[in-house]
Each structure stands twice: as C-alpha cells, then as structure tokens.
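Chain naming follows the written order as A, B, C, D, E and F, and within any one chain the residues start at number 1.
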Amino acid sequence: MSFRLGLLNPNTDHRHTDAMAGVAHAALPAGCEVVAVTAARGPSSIESAADTAVAVGEVAAMVQAHAGLDGYLISCFGDPGLDAARELTAAPVIGIGEAAFLAAGLVSGRFAVITTLPRGIPALEDMIDARGVLRRCAGVLALDIPVADQGADHPDTTTAIVAAARRAVEERGAESLILACGGMADVARAVQDAVGVPVCDGVGFGAMLAYGLWRTGITTAKVGTYAAPERIPYTGMASPTGA
Amino acid sequence: MSFRLGLLNPNTDHRHTDAMAGVAHAALPAGCEVVAVTAARGPSSIESAADTAVAVGEVAAMVQAHAGLDGYLISCFGDPGLDAARELTAAPVIGIGEAAFLAAGLVSGRFAVITTLPRGIPALEDMIDARGVLRRCAGVLALDIPVADQGADHPDTTTAIVAAARRAVEERGAESLILACGGMADVARAVQDAVGVPVCDGVGFGAMLAYGLWRTGITTAKVGTYAAPERIPYTGMASPTGA
Amino acid sequence: MSFRLGLLNPNTDHRHTDAMAGVAHAALPAGCEVVAVTAARGPSSIESAADTAVAVGEVAAMVQAHAGLDGYLISCFGDPGLDAARELTAAPVIGIGEAAFLAAGLVSGRFAVITTLPRGIPALEDMIDARGVLRRCAGVLALDIPVADQGADHPDTTTAIVAAARRAVEERGAESLILACGGMADVARAVQDAVGVPVCDGVGFGAMLAYGLWRTGITTAKVGTYAAPERIPYTGMASPTGA
Amino acid sequence: MSFRLGLLNPNTDHRHTDAMAGVAHAALPAGCEVVAVTAARGPSSIESAADTAVAVGEVAAMVQAHAGLDGYLISCFGDPGLDAARELTAAPVIGIGEAAFLAAGLVSGRFAVITTLPRGIPALEDMIDARGVLRRCAGVLALDIPVADQGADHPDTTTAIVAAARRAVEERGAESLILACGGMADVARAVQDAVGVPVCDGVGFGAMLAYGLWRTGITTAKVGTYAAPERIPYTGMASPTGA
Amino acid sequence: MSFRLGLLNPNTDHRHTDAMAGVAHAALPAGCEVVAVTAARGPSSIESAADTAVAVGEVAAMVQAHAGLDGYLISCFGDPGLDAARELTAAPVIGIGEAAFLAAGLVSGRFAVITTLPRGIPALEDMIDARGVLRRCAGVLALDIPVADQGADHPDTTTAIVAAARRAVEERGAESLILACGGMADVARAVQDAVGVPVCDGVGFGAMLAYGLWRTGITTAKVGTYAAPERIPYTGMASPTGA
Amino acid sequence: MSFRLGLLNPNTDHRHTDAMAGVAHAALPAGCEVVAVTAARGPSSIESAADTAVAVGEVAAMVQAHAGLDGYLISCFGDPGLDAARELTAAPVIGIGEAAFLAAGLVSGRFAVITTLPRGIPALEDMIDARGVLRRCAGVLALDIPVADQGADHPDTTTAIVAAARRAVEERGAESLILACGGMADVARAVQDAVGVPVCDGVGFGAMLAYGLWRTGITTAKVGTYAAPERIPYTGMASPTGA
C-alpha cells in the first residue's frame, strides 16, 4: 500500500507546482506518489490578501476535485484554505507554512522568517502569533523581491536570501531559518550550506508530516472544527455537500 | 455631503441582506444612504470554513463592484474577506463581528457570545483570542439552530436566544451579550429588553463605526498590511489591479 | 431628540478643555451638544501616576455633577477614572485613549503611539497590553515635550510630532499613528496630511463612539463590573450613593 | 537601625487599620516599628471602582504626609495608588494584593482567591492577568459578604471562608488560597488550619517583602515608571512636588 | 542508507521500553532500525518532579552513550532532558509529548489530554501553555491510575481511558485525544476505534517526526539554544565535553 | 526560635558557595543560620542544559540530605530542581532567579537581565516568559564572560557588568537590573552605586523571601503540584520516598 499525496498549488503558476512537487517527491520514501495540482484560476503568485481571497476558494475546489488521496499539502506559505480543506476530507491536510514552523520549533530555540515583500510582514507575524510561537521568532525579514522571481532559476535571489539569512543569524540571534515562500523550496539546501544553520523548508517536511500522520493512522477529526460542511443550498455554483 | 455605506452580505440570501440593511439604516443618522449588496454566488448562509472559502472571494468582488462608497460593512459575523476588502479601498471597512466585540468591550467587563451551531464555537473562540480579548469572554453558547432559521420571522428562535442569554448572565457571569449572526440583528433589542443586559448588535454599531471614521477623516492605511494589492497576473478571471 | 455629550477634562487647564470640546463638536453630526467640563482641582496637565491619582477622583466627581447626559468622553489619554465613571451612569462612557486604539485597529495592521515624555512609555505599553493589542504596536515614541506645550498654539511641537511620526512609519513599520495626548487633538489632521498615514485622534472618534452606542441603544451594563457602587458609608465627603 | 513600616489603610475604618497593623507587627522581627495610617476621607470599605477612585488619591496623600519611613504597605487588596506611591518615595512600597499573589506563587502551582462580593470578580481576574499569572489561578470565589463584615469579630464570616476554601481545593484544584481583603488577614491562620493548604495573607508577607527589600538595599527605581512626579502646577490643592 | 532511531526510555522499566520500541518500529517504514535504550538507574515510572530530576540526567547520559544514531525519541510524555539531548547531538531529537501535541494540532481544533494521576495536571497545563496552545486544550483529565498500570497488559486501564475519552469529547468539546503516557501507546488505536476521534500517540508519530527531519536534511541547530555544551570542569563524574 | 536556611549551590565550586552564603547571611537578620551546601558532583559552573541536567538531580539530593531546615535557597539563577525540591519538603524553597525577578517587579516597571554567555539568552527569555513578565523585560544582555570568571575576585568582570548595565538603562529603558548569576551576587551593590538604578540580587532577597514565608507561617502546599513524590520503585539508586 503506497501513499499518495495531493500537492495543491494555490496559485496558477505550473512551474512552481512542478518545482514543489519535485521537492515533495524527493522527501518522501520510494514508492510514494505525488499528485501535483495547480489552481484553475486566480493569481500566478500570492502576495496580498486580495490574492488570498481567490486562493482559498481554489484550494477548497482542488480538494474536492481530487478526493480520495491519502494526504494533502497546501503549497503556499500562508496556508490558504487549510480549514476548509480539513473539513472536506478525513485524510491529513498540511500547510507548508505550518510545516516550516513545526520543523523550526523541533530543531532550534529561535527562528527567523525570510519573506518576499515588506507588506507581508504583519500578516506573517500574525500567523506566528496565532500559532503561539511569536516569542520564538527572532524576526521576519523581507527580501523585497516578489514571489515570481524566486526559485533555483533566479540565482540573484538566492544570493539575496543568503545575505538576509546571515543578518538574521548574526544580528537577530536566529538559530534556524524559514523561507516563507513555496517558490524558495528548491534553494533551501543551498542556503543551509552557505549559512550553517538549519533551513526549514515546509514543502519537503510538510509532505513528511502528511505521510507520518498517514503511517500512524491519525486522521483529521470529523467532529467540531473540521466536521464535514453543513448541507447549505448554494447559488450560482455547486455546493461542497451536493445540497 | 451625506454618507453612503455599502452593506455587503457575504451570503446569497436577499432577505438577510434586506433585514440587515434596515438595521444599519435605522442606526445611521438621517440622510445617510445604505447600498445593500448580496453575494452573487455561494451559500445561502455561512456555517463552515468551506462556506467561508467562497464568501471571502465574493466580498472582495463586491467591494470592487461597488467602488467609491464612503464606507463598507461586511455583514457576516465571521468578518470574511475583511483584510482583502481593506486592501481594495481607502474607505473604512468594518466587519459586524469586530463591531460587536468592540461595543461589548465599551459597555461591559465580561461578554458572552450566542451562536447558531456548536461546530462554530472553536472558530469563534479563535477569533476572540486573535482580538486579544479571550479573557473577557464569559463563554460562547450555541443555540443549535442554523443561520437560515434566525431573524424576526422565527419567534421560536428568539425564545431560544433569550433562554441562552439568561444562562450566560446567571451562570457564566456575562454582563453583555453578542449575537454572532447577522441574521439575529433585528431581534437584538427584544433580547436586551427581556434579559436586562446590553445586547451588542454588530450591524447597527458597525454602521456607526464606519460613519464615525468617515466623520473624523480616518481612512484605511495604504501602507503595509492594507496597501493596495500587488500587480499580479491572473488566470481565468480579472485581476483586482487590472494587471 | 439630540445627543448631549459630557466632555470631561481630567486636568484643570480650561484651554485644553475648550480645544477638545471643539474637536468633539466638529466630529459629531449637526444638532449634537457638547457639555465641556474641567476638573475642579488638581494638576493642569497629567504626566505622572501621582497626577492621575488626583484625576480619577475628579472624573468620578464630574460624572456625578453632570448626571443625565447621553454619553461621556474622558478626555485624557490615560483614560483616568473610566471604570468608576461607568459604574456611576448607564450612559456610554468612552476614554479618548481607548477610542484612539480602536480607530487604529480598524484602519491599520500596525500602529505607533507618540507621547509627550519618555517616563510615560511603560505605562502606555502596559495600557496597550491590557487591551490585548501590544503585538500590533510598532512602538511608543516620546517627543520629550510636556503636555502643557502641546496643541495648535505650539507650531514647533507640531513639527516635532511630524518628525517622530515619520520615524515611526519609515523605521518601525507603523501604518497609522496615535497621538497620546488630548492636547494634540487639534493637530491630528495636519500630521496626517504631512505623513500620509491615518492619524487616529481619540477625541473626535471617541465622541462618535459614544454617539454610536447611544444611536444603537447600547447602554453600559449595570450588572457585574460596572454595577452601581455599593452603598458604603463615607467619611469627610459625600458618598456617590448617598449612603 | 530598626525598620519603620508605614501601614497605609486606604479606607477610613480605624478598626481595620488596627487589625492589619497588628498582623504586620507580628510578622516583622522584633524591634521593627509599624506606623499605622488611616485614610483621612472616603469610604469605610472599598468595594467598587468609585470607592477606589477616592482611595488612590488618599494613598498618595498618606505617603506624602508620612515621608521618611523605611517602607510602605498599601493595605487594601486592590493595591490602590501603588504606582503613585512608588513615584513619591524611594523606599519600597508593597501592596497587600501583590504580596499575596507572590506568596501563593512561591508555595503552590495553583491558587484560588476568595473575595467578598461577586461584582469584584472581573476586576480581580484582570489584576491577576495583568500580573501574568491568570493561568495559575484555579478560580476567584465570592462569599457575597461585604468587607465591613470581615475579620476575627465575625465568626460566621470565617465559617463561610472555610467553606469556600474547601470548595476551591476539592472542586477547582486550588493548592493554596488568597484572602482578597485586608480585613480577612487575622483569620488566615484559622482558615489554613481548617483546610490544610497554605493561606497567603498579604498583610504579614507584604510587611516582610518591604522589610526584605530594605534589608538588601533594593530601593524603588527613580528613573522611568516610578521617577518622581513632574513639576506640574496644581489648582485647588497642593502639588506633590510643591510646584 | 537506512534510518536508525534511538528510542530512549527515561524510566527503568524494560517492558515499557520494549512496548514503545514496538510502536515506533511499526510506525517507521520498512528498513528503519530502532535502538531501544532504557535508563540505567532511577524510577521505574515517572510521576513526580523528583522522579523527573533523575530522568533528565539519565536522558543526557543515554544520548552520549548512543552517539551517532540518525535521530532520538525521548519516550516519556514530559519530554525530560529534551534540551540537554539537543545540545549533545546534531541529529533530530523529539519528545513524545511534543509529538503528540503537534499531531493533535494538525488534525483537530481542540484536543484533550488523558493522564495518569491528578497531581500531574498542573505540570501538563504548564507544558501546554509553554507550547503556546493552551487555548486549544479542551481539558486535562486524570485516570487516577499510575503509569505502572498502563499498557495493553491492563485491559481495565483501557476501559478507563475510553470512558475518560468519551467524557472529554462529549462534555468538553475535545475533537482529538492525547494519551499523556508512553505506556498508553499500544492502546491508542483501540481508544480511537472506540471513541471515534483521532488519538494522537506521540511514540509512533514522534518516530516519524525524527524520520521526517532526517529525510529532509533538517538537523538540530548548533548555534544558540542547542549549541554544544561549554567545556566546563566536572567533579565526581565525566564531563559531557571531556573537559 | 531562629531561622535556619539551607543555601544549596547546584554547582561544585565551593568558593561560589561560600560567597553566596556570605551574601545570604548578611541579608538575614541577626541570629539566623545559613547552612551552605555544595553539589557533590557535576559541573563547577552551569552554562548549558547538559550542565543543568546534572544539577537538577543534585539539588533534589541536597534537599534530601539536609532535611529539616526552615527554608532552602537554590543558588543558581536558572533555579534548577526547584519543583523537585518543593515536592521534597514543606519548608519554603526559593530559587535565586525567581527572587531576583520578584524584587525587580516590586521596585521598577522595566528591568534588564545581565548574563554571562549569549547562548543563555533564549533560555532566560523563556524563563521570563514562563513567569508572565516578558513584557516588563527591557532586554537580556550577555557579557560573554563565563560564570567561572564572575565575582568580587574579578574586577574586570565588574567593569564589564557596569558597562552593560549602563547600556541597558540608557539604550533600552531598563529601570532596574538583574544579575543572572549567583557568582555576581557580591558585586551587586557596587554596580548599583555605579549605575544609579536598583540592582536586584536574588541571593540576598531570596534568603529574605524564604525567611518571610517562614515568619508568616506560609509553607509549601502538599497537595497537587508539590505533593510529596509518589512511592515508585527505583533501580540503581535510593528512591526519594524509600519505596
């Protein structure tokens, strides 16, 4: 019996989907399958709450369209649509943001987050605070380089990430780093080698979290918070419950 | 110069829109205008995160479709799409959930929240905690009656609200009450009269918050958290920035 | 039926009372009345806890002396006597400090506070923390200019406020500003125009909060925290309950 | 060189002053002196915020009238005027409320608070939260017996305290008890003997805290929060700074 | 290259070690190795802080004695010695307590904890609070059955766990369950089947967390909190650094 | 009846024991006795979690070996073994770390902590946060000088402490200082004189806290958190309960 992971990219950029699927596949043991899914509509990268407002609906739609997999990984750092996705399946659903925060918490006392644009810093701080670990955050640093220019194809961006990472470690006391963008997943190892502290990529570790829950038979609770949606009539679109 | 409020109903039930618009209009001083808008598609009431995942996109779309008003009121207690809406306008945007919590905080030391279904309790507690006022919450009580059966047309529901309100005051120490459903707005006064503690309706007070910010010239910040969305290419739909 | 607001100045400087009453009157819709009241005894400005220890008693006395108004606004940023005032009336009572924090929270993700003297910074931080929003505070900055030298009559002070405001936005990530002194109320608009982010004056918006609660029939709770004072015998002065 | 403690009773009931002075004197080592001071005006017991609004001014006045002592103990559980008193002297100033919380934290993992009236519960919870130890509070229980009927002269009250204490231990998991009223100080030992868990009286231990700071030469900081008051002109009364 | 996990049992009961090693081995993919280690001295089960005071030293000693493995799992719910263990290796070190809390957070909005003795409840609440997730805890319930009587060999204990689990779900709103004792690991699945909500066993999932970090190359940070111990001279025993 | 304090040094350096016993003896009133105890084995100073893992067991052993004293003072700033020690006696047990934090909280609004090595900063921040007073901490500053080089015998170290103390006051707004190392106790007064703000030494004040609890008859609770250890069989060493 092999594990099949639905890697859901909430943006519409297939190259990002493919890069993240490759990272997830490399992390999982041999024999696991990654079903890579890209949002059908919406922004090609997610930088604002307006972009996210579209993405959350797309994530819910992707889970419904790919029902029956063994686990799901929402592959955008803001974890859009996580609660809705968990309502729509009993399989484990992980967000790459939460995966990165969990990894950092397991290997270090203080972490720093490196993100794309300064405007995203307050939302990241709020996300960290909602997780209860703001005290452990040594800082959120912005590269001022948009998502669209992240990834192994942009070596200058990697240089900028390394520079920000050094500042976080030397000036802020960061002991580990989190790259707050799925598009940075494929440079995590290079940054780790350059800076000498663990770099916690949520794509690979998130895939392993879903796999670990599946291996140990821990499914998403179907009472309370993540109970299946109520049967509500919908107008102008299909209801998730068929109501 | 008169104030024009966009009352945005994130669900598709026009009767709820009309009832809430009536409450908002009655709260505002004479001469103010309420532009009532109903979501174009999605659930007829919002009970789950899956319902919300649709609503956030609709709220963003409604703000864009009704640009140029003097203030907006997102008229669903979960305040769906609030961050996105604030990015899309410099006019004040208020959620009826936050309005109700602010009112309760101004007139009492401890409040209780009365909601429709038990499944919504954790999300409400999380919302209260994110506002920093969980300590002041004497409890979240569920009626176990869905949103669709709220409002002045359902006298039995009012009876149930009054009973829950009494329990909250007598057993939990609540000093004020919050009705966590826009559909309950038109019975707030009746509950207040029956129970003898203030009932904080977010529709009427939320309309006044938007009006108060407008009167004092306090606009939504356009740097940082609520800066206008980045210009990102969209696929399969119009971008909010026209990119 | 028109709204009558008691604007209570906890210090003894009538010029400040008049300036703040003017701001409140301008904020309220036409036809509303502002009853401006100045403390009968005590400091001409409030800079220390010792000054506040006198002011809280004066605020309680002012509410009792001006019973029967439709709402009250305690017009000193530290909100002295707020709890006592709420016990002494069922009409809404607002503090200009809380009003400013609420406004900032409605229009921005991160705010900064500009105050008069450095010694007041810890008390302001404690006040922000007690409200549950310390995480949203980008910083408290002191001008090192006493309250007595604030207001439109002191253009140099306005220049200093603008300079501090710019630092808060550019270096600390503030998205909105709060002027932590009632005496700064009449320069709020000038600072907003100069710096380009919303400046949240608690005098004008606080007047509107009291008005909004009054319009929507939300009164101060008379059970628990703000119940009328117990009937306790007093020595050497009149009891608030006539006991 | 012997230690002289100013025991400041913020209410006007001399019997309470005397009872508390006796407890403090018994706690301090031989040779220490207790200067017992009763508020010159105001309520004979402090039950409401309106009562407190008078008491804070009286505490400040008592410290000024009895300058030069080696330490001060504000002997009302709400610690009224503590900040002002600390501004007005470099000698240590302790509140009996904070003393009780500190004692409980040193000898137990979970404490309960027994107070006089239910209306005081929210303010006590807020006080505990401001101290950062709300999580360690197993509950605040009200006797529904006013302050005026506390003390060794009212044996029925002691019976009620013991009953409430037993409930706190058996039903709430309290490991120690705090009597939230200076007037209960002289029955603390009797309650402790009856219930079998430590009862933390803030009067005796508070006297020892002031003494301990004095013995180790730790004075109140005179920069920042507790710096001496600014020189502000006062109207209708003497300024604390002689300005 | 296969993964070798050091399963460290901080108590001296070999049967518990074997049972937990079996659970970990079953969770890990084929080909992984579990090196089961039992504390050399100390209590046969850990119920008190005095027991823990011995266990933390034993955990540090076990890590040093079994250097060179690919990951470590501290198999006592209180995670004794976790910080010390992380200092002593760059391989991932997981505690079964933290593993269980992480699992519960990934599959539910509210969890409850079932522990052995009531005396352990405050320490568990403190542990949950230090993790920042106390708000998500629906309750800590004690069986009042000691650790020594846990496990598949004690069917009566399983019955008691199921009864407590039902109460947690039905009366407290728990959506998932955590069994706060390594000795309960082998009955987790039976409880889950009986109660119908996920039961988060930290042994199996903890093994997978260590494996997941190893698979993704995320090592323990060697700067700051978990840097290798300083070279300090030791008396009466070997220093961990050979100093 | 005179007070006998067990001063327990968790490290093996007798000179530190003697210096701290001298400070404690000087703080206590005449006639009190200090029984100075040094750890039997382990590190000569405590810098890491691995060092602490040994110390906690030693503290428990020292309390058992010196049963029957009137109070205990754990004389290492990290308060190692505090919970275990409290389980093992009904006499008050104080840690010098908690004593210093309590003193600072009684005499100032904001404190700073000066420690030996940067690696210890996160653990100190966590300790402060667990106490609920992180907001009141103006900063934790490291001298980068190990514990072994602290104390009156190292005048250069005193110079470095004074320099760090000045920075904390002038740049961070610290109003009082905490020296986070028992070895610094004998220079506290010199630093206080040089910098002009209170320096809160936990050794002297901690001795007075134990004495104050003893004077007022407040013993360690013997239910719940600090109940005597369970009777668990031990292997390879004596059980604390004789089981």
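As a convention for this text, contacts are C-beta pairs under 8 Å (C-beta built on N, C-alpha and C of every residue); 3 or more make two chains touch, one makes a residue touch a chain.
Since the structure is predicted, the reported quantities are computational estimates derived from the model, not experimental observations.
Shared contact partners of chain D and chain E, listed by label, are B, F.
Looking at D-F and B-D side by side, the one with more C-beta contacts is D-F. The angle of the rotation carrying chain C onto chain E, fitted on C-alpha atoms and rounded to the nearest 5, is 180°.
Where the sister copies chain C and chain D meet, the same residue numbers recur on both sides for over half of the interface positions. For this pair, chain A with chain E, the centres built from the Cα atoms lie 27 Å apart.
Chain geometry summary: the mean Cα position of chain B and that of chain E are 43 Å apart. Averaged Cα coordinates give chain B a centre that lies 52 Å from the centre of chain F. Residue positions 86, 109-110, 118, 121-123, 126, 135, 173, 175, 224-225 of chain D are each in touch with at least two other chains.
Taken as a graph of touching chains, this assembly fits none of the simple shapes: it is neither a line, a ring, a star nor a complete graph.
By the definition of touch given earlier, these chain pairs are in contact: A-B, A-C, A-E, A-F, B-C, B-D, B-E, C-D, C-F, D-E, D-F, E-F. The part of chain E that touches chain A in the complex is made up of residues 27-29, 86, 92, 94, 98, 102-103, 106-110, 131-133, 135, 169, 173, 175-176, 189, 192, 196-201, 204-205, 208-209, 211-213, 215-226. Against chain E, in their complex, chain D makes its touches with residues 109-110, 135, 173, 175. Chain F makes touch with chain A in their complex at residues 118, 121-123, 125-126, 129, 134. The touching residues of chain C, when paired with chain D in their complex, are 12, 40-54, 56-57, 59-60, 81, 83-84, 86-88, 117-119, 121-123, 126, 130, 146, 148, 224-225, 227, 229-230, 232-237, 239-240.
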